[in-house]
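Have a look at this one before I ask anything.
Labels run A, B, C, D, E and F following the written order; every chain starts at residue 1.
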Amino acid sequence: MSDASWLPSLTTETPEEGFALAVKMARVAVKLTQPDAAVRDAGRAAYGGNADSLIAASQVVATHFATVAAANDYWKGR
Amino acid sequence: MSDASWLPSLTTETPEEGFALAVKMARVAVKLTQPDAAVRDAGRAAYGGNADSLIAASQVVATHFATVAAANDYWKGR
Amino acid sequence: MSDASWLPSLTTETPEEGFALAVKMARVAVKLTQPDAAVRDAGRAAYGGNADSLIAASQVVATHFATVAAANDYWKGR
Amino acid sequence: MSDASWLPSLTTETPEEGFALAVKMARVAVKLTQPDAAVRDAGRAAYGGNADSLIAASQVVATHFATVAAANDYWKGR
Amino acid sequence: MSDASWLPSLTTETPEEGFALAVKMARVAVKLTQPDAAVRDAGRAAYGGNADSLIAASQVVATHFATVAAANDYWKGR
Amino acid sequence: MSDASWLPSLTTETPEEGFALAVKMARVAVKLTQPDAAVRDAGRAAYGGNADSLIAASQVVATHFATVAAANDYWKGR
């Protein structure tokens, strides 16, 4: 594992930062799922694409955010 | 991070406010997933679109509401 | 918030009432997602529509029921 | 609420009975989502229909089973 | 209930066995959802079918595995 | 069970390794769901395929990552 891990921790300072992390996790998952160039193009299309694709991508974000929020004990002090 | 965070906290006074927050989170996810103008139009179409798109968007809301409800310990005193 | 909140609490007496609440939450989510009239029509179509739409709507109900059940500690004494 | 509740409890003796309950919950959700006759027909089609509909219906069962299993503390003594 | 329950317990020795159980649960759900012969054929098609059907079936497996893993306290000693 | 289990443990050192494990679990699920050659080809198509297939595959990864993260108590010390 390189020093520059793309996911060093699930801990964030704020809910907003946690949400941004969930968006990043959804994007990276597409790349890791199939890393070659043709698929990267498909990935780009996925996120710039039609309404249903956008909603489906948002569902992935929501699933990751649930994980990140649990990891941060829901930032309960805030 | 600006002072005016769109998601300063997952804590809400009531379940109804928590539900409204989940709807907001679903909307913001679409914008963050792909922030350029063409996609914003697609996003609008997503929420004004056909029945299946609406149900899929509701699924995203349901996933976020599960997170918000857990963050509020399900508003158990109410 | 008005006195007549549509979601004053996640607590219900019985699992059956909790299930009915989950169905209501799924319906309200459609309205909140996009509240104008054209979408309300689409929403109606969603629930009276084809088999796949019905199953997708049932998935939303299942997700909300998981939240309501956790809020009620699964009605474990029953 | 009638004495003959269709969902008096989430507690079951065994995992297998819990799974059967999850199947029942998925079926009832379709009926509650839209109770009129035309939709009941659509519901029947949903469960007798094509492969993708069957998988989608299985996803609803899986979501309900997760709830039932948690309610039974995963039948851990078994 | 017969002695030969198809799901006597959610407990498994290893994560790999738990994953196999989740695959089995996904398969059985299709049969229980609609047990007649025509649907069994559709079920077979579901699992031998196209890429999107396979991914959807994998989603059902993932949901069941989450339940099985929780039931085994994530096999944390391993 | 062979000594070379493909899933000996859900424990990983880092979140990044946990994410890679979730990607692996999503891939294996496709193979276990239907192990014959024709389906393996379909599986390959699934991961090299269009944008919607990629997003759906990412959803499976997100579900598995939630399980792996819980198994590691969210790597909270990091």
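One rule holds for everything that comes next: a residue touches a chain if its C-beta (ideal position, glycine included) is under 8 Å from a C-beta of that chain, and two chains touch if they have at least 3 such contacts.
Chain by chain, the UniProt names read as follows: A, B, C, D, E, F = Peroxidase.
Computed from a prediction, not measured in an experiment: that's the story for all the values here.
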>> On the document's contact criterion, could you list the chains that touch chain B (Peroxidase) and likewise touch chain E (Peroxidase)?
In response: none
>> Can you check whether chain D (Peroxidase) and chain E (Peroxidase) touch via the same residue numbers (shared by over half) or via different ones?
In response: different
>> What rotation angle takes the CA atoms of chain A (Peroxidase) onto those of chain F (Peroxidase)? Round to the nearest 5 degrees.
In response: 60
> Which whole number of Å gives the spacing of the CA centres of chain C (Peroxidase) and chain D (Peroxidase)?
Replying inline: 15
> Distance from the CA centroid of chain A (Peroxidase) to that of chain C (Peroxidase), rounded to the nearest Å?
Replying inline: 27
>> Taking the mean of the CA coordinates per chain, how far is chain C (Peroxidase) from chain F (Peroxidase) in Å?
In response: 31
>> If a residue has to touch 2 or more other chains to count, which residues of chain A (Peroxidase) qualify?
In response: 26, 49, 52, 56-57, 59, 63, 66, 70
> Mapping chain-to-chain touches, which pattern fits: line, ring, star, complete or other?
Replying inline: ring
> When the cyclic arrangement of chains is written out from chain A (Peroxidase) toward chain B (Peroxidase), what order is obtained?
Replying inline: A, B, C, D, E, F
> For chain F (Peroxidase), which residues are in contact with chain E (Peroxidase) within the complex?
Replying inline: 1, 5-11, 25-26, 28-30, 32-34, 36, 38-39, 42-43, 45-46, 49, 52-53, 56-57, 59-60, 63-64, 66-67, 70-71
> Which of the residues in chain F (Peroxidase) come into contact with chain A (Peroxidase) in the complex?
Replying inline: 13-17, 19-20, 23, 26, 47-52, 54-59, 61-63, 65-66, 69-70, 74-76, 78
